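Per-chain numbering from 1; labels A, B, C and D assigned in written order.
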């Protein structure tokens, strides 16, 4: 089953209408994505605004997506609490999820070190019914899981992959070359898809894949054909777009770009603000320059 | 009722035995604290390990503490999700809590600014049945609520105080002198109790009050008698202790110090590690030098 | 002589005309400051743009200021290089400087710890002909000198004071109550003048004193008369101004404010940019609200 | 001449005996490096401890190295002061340096933005007699030069390259694909040699090249032969070593490793401390595991 981690996964945004989850809009997006060569979907990634969703909303979303796809579903069910993480993960698994993407606990930053991460991930992995993907994303958590910790955790039979959201492929090559055989590394942002794959990663969970799935897929297939030059060319064209829908304009920017690209984006949930008019104009220009819109 | 915010509140640690909540141990601690001139108790502050507790555990804890005290109970019920925050706060209120200490949302750090904080706190305060205390604690959240945001929020009828956990009293004086009359500022760490009170704060929610409630209370009463010199002297003696049970040794250190001072501390919950032997020795020396133990 | 450290010192800005040092403009400012009850002057503080000055320019500036005042002159002559620091300090001393304000070395951030700071300050203090004031300013250096390091260094006969530019008065009280008798602490920013003095500091080196010397002096004298309420009131009125001429608009803002207040400010040196028109308008409003201009 | 930037350059450490520059030890090292296929040498890089050297010491070092090599000499002569930078660079050029590696100004962090960097680099490049290489190293400077700033500066006829010391190759590909033709990017740390070259960089200025020049050169030549797998394998083996001689043990670690590898390392200059015994043992183990020593 771990083969399925190869390929491109969009971490789906969560559509809201009047600040409430709009499952019909999500189904609309899924229907469009089903026509693309995507490997599957991630629910409740950072840009899925999972921190704003209730447990009930999350489980409903898993069920709805499961009803509309046969592809792999990865769910972001990690919380600081081990108990809550196990409970939510197992409920999501019963609702149809295939893998659990478990973000590093982070509240007690000073205490989040080698031993603490081992404590956390081993206990979670021991008790959940689906395989665990470790999720390292310092820009949101302000903690970093060291390479040696990942390497040690890769020996656990139920920990099968890492989603690495730093832009540092040296970590990817170091980890890839030292983990238990079969353990996968997935890049977490489109700006290191090219170098990440060259360093040992097998696929990507990419915010960019919500708006430009074809380009993400194309980079990957060009690289499989060793056409590195062309792959890099496409990635370079996508870098300003990727920055716009992540660090620059955040989830509001990503959702606005989805609207511009024919998907349903809508507003982020409160307390987040929708994209300002000025930023929307800037975003359109960035998409235009990347030839994504006219 | 806001008068009750004057004084010293320990943010209670949560006792665990075999990694499960041990309410009897908490009752034991409360019984000892009831003999002290404390203004009340905070449940689910940062050092209460609230991120490791389930909703059910939290509500049970409120009920148990309510049964054993007539004092003010402040509950830390803030989560990134507005919906979840409102729900949990109202359940806690029904279980006996008097005020809600609402930590700033923080997951989307780049987006957490003036407008977003207004969105969040106004919506929460509009819908909860007990008054809201804003909680600013950048060392855990990595976001800071600007003074002007606090000042604007102080106009909301159901937002009545700020717990300020930076060590910067210039913020306290700026905020205190500009908020709506009646809005209170409470210091969030013992190292600025003295300067915070001199700058307009009315009390303190202090980790240190878990282990040295008398000293915290004494600083406050000396200041009310304008005996600043003696108050500062006691605080200076407490600074190394305060550092040990907060930034230096974290919640494990705080709990170990509680054990040394005759309260029940015990181990922090998984994934946190208990204090190492070497650190325990260092902690004992610090408590000794502050004349807290012999 | 250390008594002279009591009181208010403006860290003088360096006037430039056509990007070259304009000593006549500096003399003009000094002449105005001589009419105020200032304790002396600091040359080459952070806001003196010392990093943009050549050694020759620095020594010329010391000579010029010495010719126009009998007050204490403190020179900022600290560099990462011990050799260069000693050389420049002694040349400045021969040109008329009374004290050396030595900023912490900072280039190798990871290595800047207890032992390294001891190495540095002891070697410098052993070899310079004027007393040393330690200068801790993490916002520029990204390193922090721990309280215990300052306390140990206070035993050196030629290290006589600390300029503390964090906004954390708990550091000031901890240091003041533990250093060798006679060692002084000076606050480095106006926002903690009030709490700093209450915590053991004896004076201030304050960017704000370049534009509002009277208010800074008044805060200090009110506090000496135990009129804390009035002192805090003035400081609170000054906080937005202080922020504007430091963190908010930087040295360009400080210089623009000087121009508005009747001193010569002028442009910062290249590569810094002068204040934009929009920021100038904002700055004027802030000065107006603080009743510094009409 | 810019072709010469292709290849591997060690940023030479500066040997000290009794805390004074020991040019004979440097000549000894150079003699050994001359036998390797290195493209040239960098003097006064970060690990050259340039912040601890006087101007006279720097110029003497340039002259000495020039006498012992015909290879390219790159000098790190950037200072916050434009005047001082121009002066020192031109003196170094007259002493035999070929290129100037100009670190970003950084003291006024908040003000270091697009316009300020343009101001600085254009003025410096206009006035120095040798071509300028921009040096971006946030881990030391705490400022980052944005890609768009580099791209704009690449149009200046005397700005010919960038040394990029972040570990983020997405920046390298973005910059490489947008700069003026002929402008080169050089990686600044061995951990991104592999991905940096694949992203458009032409060579490396690598601390690691002081102790393992053959391995660095080999990675580069394997990549030129499109033997990516083998190149990555060697780099992966070197990553722990590279970390040990940079972020982990700093310049003291790099110098200790040089001693172990048959070069002269010696102690760093005061105030830095030599490597502790415990760290030396750890360092030896790391070198052993990488098969650099037995």
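Quick note on the criterion: contacts are C-beta pairs under 8 Å (C-beta built on N, C-alpha and C of every residue); 3 or more make two chains touch, one makes a residue touch a chain.
Quantities reported herein were computed from a predicted structural model and do not represent experimental measurements.
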Each chain counted as touching chain B and chain C at once: none
Proportion of interface numbers common to chain C and chain D (over half same, under half different): same
Mean-CA-position distance for chain D and chain C (Å): 35
For chain A paired with chain C, centre-to-centre distance based on mean C-alpha positions, whole Å: 48
Of all residues in chain C, the ones touching two or more other chains: none
Those chain pairs that satisfy the touch definition: A-B, A-D, B-C, C-D
Contact footprint of chain D on chain C as seen in their complex: 46, 51-54, 79-84, 87, 105, 107-111, 115-117, 119-120, 123, 139-140, 142, 247, 250-252, 270-273
Residues of chain A that touch chain D when the two form their complex: 167-170, 173-174, 177-178, 191-192, 194-195, 198-200, 228, 232-233, 235-236, 239
